[in-house]
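There are two complexes below, and they share chain A, which is joined by chain B in the first and by chain C in the second.
And now, the complex of A and B:
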């Protein structure tokens, strides 16, 4: 086990190194104008503006965001933004997982619900994010319940959950329906009710379907959060940082890559969280299936 | 596959903890930063009227008037507590205004003329920018010297209503969209990389932003920053196809029916103009205020933007914010006449009379003049700003 972990870390480091070498190798070898077939550039330019050196990007992380007095060091600013976006993505993920599970249970319990709801679940994913994002913000801003006021970050979380619930709903439904007829019949012969069957049979056997879906949901929640931040302009997160730093894409190209590292970090952390959940549920993980 | 575990509870508890941790991370991280958009005083006395204004883009010195007014307490003096809401990619200020998401909105006139024809009941209550900041820039070696040379070239534009001056300028020079390389304008990103790489021959550039972005970039041929000498700037003010840009828009129906709102409109315009005058007199301080309000633009870039925006406002022909009839009429005339890529004009009929009103801004100017505020800026001299690499 320990050997395995050391090997895993080594492979991880090797993977990062390989990406760095691929980046620098392509930058060193390919022509400055990129690889052009006919009039179409098929591989990117290799200028310092298009592809800054890896070490320039890393060095830039340790310089202040701007020269303004009191400006944060870039990596710290990125880390704060990443934590902010991760927090929203996590809320979106929780909402998405809960509503996805709820829908799956509903569809499993009543076959009519499945025929009625499933097409809408699928259809929901064909609505482009840029269409719903301003709407969610507008609807949200008119919500005032007592002292509760809808905040912009909640709109972003709702949009993230909108992308996250889909894989959960579809995979959980498959998982809940996965026990073989013989097992269901056995439960029935013991006069076990729907709840008992659900808790003792259907939920445990849905775990192998659910875990990949949770991973997908986590990735979707992160993407949804970043895109929604750009779309509705929520400040403080990675998405807005990407747009803000775009102004220096030519003059300070290394800076524009910093929030992208932040986005990668969010992805890694959220994948790690889901892996933790997988550890918690390892008893039920038999023959995991792709979502 | 069927599996029943007696140890399921422990596993579920662990999973539950992980989920709770995620949810908690969400709450704490978000709660801290939600005040990002709010500016102005947090300890304002209770009698201040809360007012919100929707900007058309992120926090930057383009909106120095509003941020300076909030920071210097000019809004508070007028009895207002102003929340400045930055824009974003998919936020249309006029939609936010008409749906009640903000009390006022900042937007360009031609974009709003289209919205008015679609049924938006809004009124231009102050034309903050008298001049247009939109240009088309090309490198000197591109052979482009005027809009007449655009034929056969790739011409960049941001679209979404930012292209009208460009198209009007081309039309005036006898160039149609079909004449351009690719038969249309090229969609431009938020940066100038495509222009510097040569994919775009003439790129859309605001004097206060993208033009400076080019000047902050190292020319690989010389190892020095690009200079103004490397560039040709086609200024729509000089070409005669400039249209009115940043204006303050109010809800026309509320202006007519709600006296308090109408009074607030005058106060808001008054405070804003005072903010503009502050930015004119103290460009460095105004730039710092905008940076402190959450902009991450480099310090020299921010100062450049403040200075260029001052040039769009000052010297003022008839007082900052007053809508000059000739400029309004020529913007409307071009909006009736300029044909977009789909073959349609911005508007097909004259806008209604409620589309603009000098009532509020004139009242504000009167009060400001009485207070001795220089709303004309006759002796205005822009400062010299040196741009550093990356805008730092």
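And now, the complex of A and C:
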């Protein structure tokens, strides 16, 4: 049963409307101090500072960022910051995907590599991002190769890739190992080497495993970028903008939400990009297995 | 057999698998068998008698423990590298992202045959298996019997003089199975290839083979060889007394004189 294109768009709009109605409905009906059980606030306050009206958030987007003369319109500033962060996230995603694939190939090729590397891959994800951010920055700043100088945005991209490579490495390894024994035997009977088997059997077989991992890696790269911008202190992106605008929350609550819309936009663009990759690889997704 | 060229010579072969716990499984013990060029030989026996193992040794998919196997006078490794045999398994094992034609062309592609010759060969084979109209379909659009036909065409793509088949019809229903057997007989007559055919089914072995090799388990060895000399292998043969006599002969050898013999052998 396939939905028509129009129906899909309709459902998408309905979903957004549902969120808006939930927001405004709660704001209208719940008490201003939120719902308190004993001393604990279990649901948020509904004041204009805590929960501005949706229309206030939207109209705020079309007003200047500050009252200073010559300030940009807010949506334009958010869009620029989002593009900046998206660019870094994309670099982080590419580094993450390439290194994740590389690790998976290494682990598939040599069983000993798998038992040596896989525990470290898993362990790497337990180290908090905040802990590695200053380290990466310090290591990076000591790199000088000719006229090349390490920039702060590169540190952010590296941290984003640190989150992105993990799902790729794990899923790609599963995918590369997914061909049944009979298929491996068949390629052996053709006297096909490791490369031929990789290109014509293992890589195509891994596509259904890889696509969800690429999507996850994209989401991780975006989150990693936003968080790393904050912890490294890199200006110009969504991460810093969220912090800066939060400082003005009491005077200008609707403005706080603008960079969050920006983050959502980055997420949508990157998810769409991975979906496009999926369309390009659709011939390898026949009889797709749920990963 | 003297005078006829030998396709496969199996001489005093032993195969021992080592289990992880350090134990040993004696899969094959002192197995010797010659398969003549163009001859159809079935291996039959209960589960665990080593018939698939024997075929895998000939294909150089597993190493043998002792003894010797030559294929057209060469080592099994050389024969594999020279593409002297084509192979088909119980599961068709078609690559789902490739069309029927591309699946048949796979071995040719891997061995660098140019696109034009590949296409000529796949056209021939598609006609041979009667799937010309399905060239651009994908495996998920085919029935089980069609998939197996494509797998057999793929095994024949490089015109091997030897076909190795490990229960290729084992997953098919009875009707399709008989139909495929008829087609295989025709294909073998056309190509003149020798066949080593592993099966669980006594009637299948008798219908197809020049000789049925009966094996027994623990350790796997050859207990008897039943030669069959039918004039024609067609639908009439299935109702022929000579066919039933062959079936009875093989069944008796498999089960001993008693009824209800070893498990894993189909009597249908």
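We take it that the second predicted complex is superposed on the first by the 282 of 291 C-alpha atoms of A that agree within 3 Å, B and C clash if a C-alpha of one lies under 4 Å from a C-alpha of the other, contacts with A are read in each partner's own complex, and residues count from 1 in each chain.
Note that a contact is a pair of C-beta atoms (placed from the backbone, for glycine too) under 8 Å apart; a residue touches a chain by one contact, two chains touch by 3 or more.
Keep in mind that this is a model prediction, so the values were computed, not measured.
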Partner chain in contact with A:45 - chain B first, chain C second, else both or neither: first
Partner chain(s) touched by A:238 [first = chain B, second = chain C, both, neither]: neither
Chain B versus chain C as contact partner of A:189, first or second or both or neither: second
Which superposed partner A:263 touches (first chain B, second chain C, both, neither): neither
Touching partner for A:200 - first (chain B), second (chain C), both, neither: both
First (chain B), second (chain C), both or neither touched by A:61: neither
Partner chain in contact with A:217 - chain B first, chain C second, else both or neither: neither
Chain B and chain C contact sites that coincide on chain A, given as residue numbers: 180, 183, 200-201, 204, 283-284, 286-287
For the chain A and chain B complex, residues of the former touching the latter: 45, 47-50, 65-68, 77, 83-84, 86-91, 93-94, 97, 130, 133-134, 137-138, 141-142, 151-153, 157, 178-180, 183, 200-201, 204-205, 230-236, 240-241, 243-252, 255-256, 273, 276-277, 279-284, 286-287
Residue ranges of chain B in contact with chain A within the complex: 1-5, 7-8, 11-15, 18-19, 21-23, 25-30, 33-34, 36-37, 58-59, 86-92, 95-96, 99-101, 189-193, 196-197, 209, 213-214, 216-218, 220, 288, 291, 294-299, 301, 389-392
For the chain C and chain A complex, residues of the former touching the latter: 56, 59-61, 80-81, 83, 85, 87, 89-91, 93, 95-97, 106-107, 109-111, 138-140
Chain A - residues contacting chain C, complex: 180, 182-183, 185-192, 196, 200-201, 204, 283-284, 286-287
